[in-house]
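Two complexes follow with subunit A in common, the first pairing it with subunit B and the second with subunit C.
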Partner chain A sequence: MQKKLDRKYFLFMLPAILMVVGLRFFPIGNAFRMAFFNWNGYSPNMKFIGFDNFKKALSDEYFWIALRNTLIYAFGITIVKNVLGLALAFFVDQKFHGRAAIRATIYLPVMISGFIMGQIMYYFYQYDGGILNEILSWFNIEPVYWMKTGLSSTFVVLLTTSFLHCGSTMLLYLAGLQNIPHELLESARLDGASSWKEKLHITIPLLQPSMITSVVLNLIASFKIYDIISSLSKGGPDGGSTSLTLYISQQYFNYNKAGYAAGIAMWFFFVIIIISVPINKWLSSKKVEY
Partner chain B sequence: MKKFLVCLLSVIMVFSLVACGGEEQNGSGSAQQTQEGGKPAQQGGATGNELAGVQLEVAVNYTGDSLTAFQQICSNFESKYGATIVIDNYGSDYSSTMINRMAANNLPDVFVTAGWSLRRYKSVSLDLSDQEYCKDYDESALGVIQDDDGKIYVNMISNGVNGNVVNLAVCEAAGVDPFAITTWDEFLDACAKIKAAGFTPIASNPDAGLTANLAGTFLTYEGEVADVGEQLKNGTWDWAEYIYLLKFYQKALMSEYFFKDARSINTNDMYERMAAGQAAFIISENTASIATLYSLNPKGNFTFAPFPASKAGGEEAVVSGEGDAFSIWKDSGNIEAAKIFLNFLATPEITLKLLDATSRVSCQKTVMAIDETPGTKALAAMKEKYAGHNIGYHNVWDREYLPSGMWAYMGTAANKLFADYTDSGLNKVIEFLKDGYDNVYTGE
Partner chain C sequence: MKNTEFKPKKHKKVRWWIPVICIVIFFMYIWPFYELIIMSIKDITDISSSKMWLSQGAHWENYLAVIKKSDIWIGFKNSIIYTGATIFLEITFASMAGYSLSRGSKKTTRTVRAVQMALLMVPGIITLVGTYSLMVNLGLTNSLLALAFLTAAGGIPGCSFIYMNFINSIPRQLDEAARIDGAGLFTTFFRVILPQLTPLTVTRAIMIGIGAWNNYLLPLYLLNDSRKRTIILVIRSAFSINGGDRDIAMACATCTIGILPVIVVYLLLQKKIIASQIGSSVKG
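Right, the complex of A and B next:
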């Protein structure tokens, strides 16, 4: 009877299993296979070259720049978005006139394509006539070339993405704030806790589940950053702000190096595993009890 | 009852799917995926009957408005001749799909050559030299599509003409006569005057056009500082002479003739600054961009100029690439119908419809005479203003001299150049291009 039941449940799961295998495991497996070939992405001829693509990546200057930038994007955006999202959540959790409109305004950029937002934000950072430099000129400050170097462009992309997408983090924290029992906050107030102490010792520790969700989601999204870089800095100057996802795409589609792109993708996969496993382990060890 | 309902709904669903899958598609309505090419279908067309029962497979790379316009043109053809046209629209996968189809010897009856009528598709294309439209080509087009033995394999409706774009108002304000410039040294002298007058001489941003399109004026055209065309074509060139082109840019960059933020400026911004009268030249631009500049500043005064020569007496150059160009598969089973289709496309009213949608420049004299688009007018004006100059019309340089796949390397090289234009930076650019060239040749 139990076996029959198990088989029935397995049949229910089968469509989902097939989708996961077909849409996740098969592409990953195929990319892994491609990484061992010299292939341009469309030719019927694929030449087996063993680990050459993996070795080549290690001596590729642009691979290391892209890896460095990807780590900056992943951790930088996660940190800035969480700090901003938390601050904004505290702000819009207050009762004031127009609160709903402000929440919607903060969230709005999340719903617009990153490619479009990158194009719009370009006009903020332009050296000549950009909005930021116009503001500086009001105070007689010399214009700044915000995207002069690869590293400065990386930070421009990082801050832009964080500011534009902090609305999603704000929503997560807002949901967390509204789940905190009011009795706990009232008790703290009755015991004479200041607003700052209340936040530091009661609210923030109790927001830990939201924080874990937010960190994990932002880390995953930031590792895959592509659209804003592509339209804001195009990965430049001279590849200085490229992320690994953009670099993989360029190698595959611009240079027709599908095998090499797959090799880099495998390194990327390896880096994500190394980073995400301990973080997940640490975060899942944290538990909150009301 | 429930079982009956489930069975009934399943049967209805299956029949719906079969019905949807089996629906007849014709070319005028929608683009569809690959099918066997060159086989006549047993179905008729609409009102005409000259080609009734013939099905032409046409492969294109159009998207958006261009695709809609092309579908409408095909629909008109179907109505007039009774043939059916099946459009294979491969969009951005066009080149790779066509290469695969060529390898499988299974090409469509008619296909867009996308810049490669001679070097890639010549061996599989029908010689069209005897067609009427081939006698009507402008010289700027012949340099692109005519083989060394005088044969033409394509009906080219439009071409992309590339040279320098000039803001005449800025030149006038700076006291520069752009029509007197014949060499790149004179161009740099003009830049100095323009800068002294308070303008930025060059609006260009780093892209492959800068490192590829004008390279012939240093390396391969008649009377230039180097002559390495043969080595380039047989794959033995070591890129040493490319330093002449890089030194030109080095001078311009060191003299601050580009915008200070040139390395990160985007193309829209470049056009806006040019249209607003902040800069005098854009190096390596398509004539179609003149239309963009006039749309941004209708009161502006812009013109098109050839690339200057690298030394006095050398050949100035205008480079052209294939625009809307169609070939016929030499093994097609519908060669006569395909010829009728290409002649239909070459009629001025049909050509103008396509030009209107693609914003390209006409290249057949009959159409050029009635084409009022700014790009075409600019090319005509250039010929008039530069009448006394020694101008050569050439195929796009990388298509003529470099193996397929170098364009991306040329773009990266331009970015590297703008990021570091010291002597050691120039050497790095050369090393990078040499590696890319070797990789592309060996397929690694």
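Right, the complex of A and C next:
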């Protein structure tokens, strides 16, 4: 009886399994296979070239720029989002009128397409007639070329993304704050801990589970950054702020180097795994006890 | 001896900085949307005046011009089809999988969790690289339904896990009672179990829907036909079609109308959305 039921349960899971295998696992395998070929993406002749695509990436200057930027984005956005999100969570965790409205306002940009937010923010950083430079001009300050170099564009994208999307991190920490047993904070207060000390020595260590979730999720998500770059800096100037996702899509769709794009994609996947897995393991091994 | 009598801290202290910070936060986060609207009602020939405010009158007719063009309606129609199909596919298959994960053996549960964590790390670009040429060969580019399948497959592992967590708290006796009444597994699930989870299904549908509505990378490359563009792609082409600064006002008007549905949904349901985001991270 139970066995028969188990088979039925399996059938119930089958559509999900088929979709995940067919549309998630299969593409990974196919991309891996493509990485071994010299192929433009549509012609019937694919030439097997072994590991050449992998090797070629290592001597491609723009691959290294894209990799460097992707790492800056991943770690930078994770750090800035967590600091901002934690600060905002402490702020909106207090009782005051309109805190629900403030919470909703901070979360609003998370709901809007990253491409669109990037497009709007582009007009803030424009050199000529940009909003930030216009404000500077009120104080007679020379306009700043915000996205002059690759690195400055990278930081513009990093800070903009973190600012716009820290609402999700804020909610994670808010959930953590609401989970902390009240007696703990009460007893700290009775012992005379000031509000800052209380936050630093008691609340923040107790938020560790939220912090782990937040760091891991943000890290994995920020590795994949694409939407906001594609409208805010478009990867420029001269590929200086490009991310790996952007670079791979350009290689595939603009230059018809499908095999090479797949090769970079495999490096990309490899980098994500060797960074995320140990961090995830290390963080999960730390447990808090109330 | 110190006085150890318990005295709750009075919160009557005037905290003047709270409203100040509130106002600063509010303006910072509303600012981009304000700019969007200001830019959208400028004269279309006006490219040099300040972006901060209107120098001449408001040209609301820009919106009229956008509404009169068919592009935006095609975009809405396609986005609705794509979003609806994604929600339907992901919710149906993920909830079914979540049910069998909850009721089946615990060994598979652990495997599935590991797989889910691993899949989370796969960047979307690999899915695109690995499927694009096949989609072309099978004639599935420009198919909103194929795109919906691809998108739903990405969300299924995570979503089925959330369903599993919730179904775990529904007693098995309910299944058995239904079975004794002669209901098959299918009826038991869709008639008895799933209706218990309506609040979860509603919030999941909203989140999946907003994700699909905003999806950019996959539609950008898989929908080339201008009649199959989603609203985000219509907005994109409005910003890029004329290059330079010429039609910023029109593009911004298109953009404002295009994000309006998301903003309306968010304003109406923000309490539910925020509560569900907080709730799901606790369950995590």
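Heads up, the rule we're going with is that the second predicted complex is superposed on the first by the 273 of 290 C-alpha atoms of A that agree within 3 Å, B and C clash if a C-alpha of one lies under 4 Å from a C-alpha of the other, contacts with A are read in each partner's own complex, and residues count from 1 in each chain.
We adopt the following convention: a contact is a pair of C-beta atoms (placed from the backbone, for glycine too) under 8 Å apart; a residue touches a chain by one contact, two chains touch by 3 or more.
From a predicted model like this one, the values you see are computed outputs, not experimental measurements.
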Query = Who does A:Ser285 touch here: subunit B (first), subunit C (second), both, or neither?
reply = neither
Contacts of A:Ala175 with subunit B and subunit C, given as first, second, both or neither = second
Key: Partner chain(s) touched by A:Ile112 [first = subunit B, second = subunit C, both, neither]   = second
Inquiry  = Taking the superposition on A as described, I'd like to know which of subunit B and subunit C A:Gly41 touches: first, second, both or neither.
reply    = both
Inquiry  = Just to be sure I read the superposition right, which of the two partners does A:Ser59 touch: subunit B = first, subunit C = second, or both, or neither?
reply    = neither
Inquiry  = Residues of subunit A touched by subunit B versus by subunit C: which partner has the larger set?
reply    = C
Task = Could you tell me if A:Gly29 is touching subunit B, subunit C, both of them or neither one (first, second, both, neither)?
result = second
Task = Tell me which partner A:Tyr127 touches in the superposition: subunit B (first), subunit C (second), both or neither.
result = first
Query = Touching A:Ser233, do we find subunit B (first), subunit C (second), both, or neither?
reply = first
Remark   = The intersection of the subunit A residues contacting subunit B with those contacting subunit C is 41-42, 119, 123
Subunit A-facing residues of subunit B, complex = 96-97, 99-100, 103, 259-261, 263-266, 268-269, 273, 278, 405, 408-409, 411-412, 415-416, 418-420, 443-444
Remark   = Counting only contacts in the complex, subunit A reaches subunit B at residues 38, 40-44, 119, 122-123, 126-128, 145, 147-148, 153, 233-234, 236-240, 250, 254-256
Remark   = Within the complex, subunit A is touched by subunit C residues 6, 9, 11, 15, 18-19, 21-22, 25-26, 28-30, 32-33, 35-36, 39, 48, 50-52, 89, 92-94, 96-97, 99-101, 103-105, 115, 117, 119-134, 136, 149-150, 152-154, 156-157, 160, 185, 189, 210, 213-214, 216-217, 221, 232, 235-236, 239, 255, 258-259, 262-263, 266, 270-271, 273-274, 277-279, 281-282, 284
Footprint of subunit C on subunit A - complex, ascending = 5-6, 8-10, 12-13, 15-17, 19-20, 22-24, 26-31, 34, 41-42, 88, 91, 94-96, 98, 100-109, 111-117, 119-121, 123-124, 129-131, 134-135, 163, 168, 171-172, 174-176, 178-179, 189-190, 210, 213, 220, 223-224, 226-227, 230-231, 244-245, 248-249, 252-253, 258, 261-262, 265, 268-269, 272-273, 276-277, 280
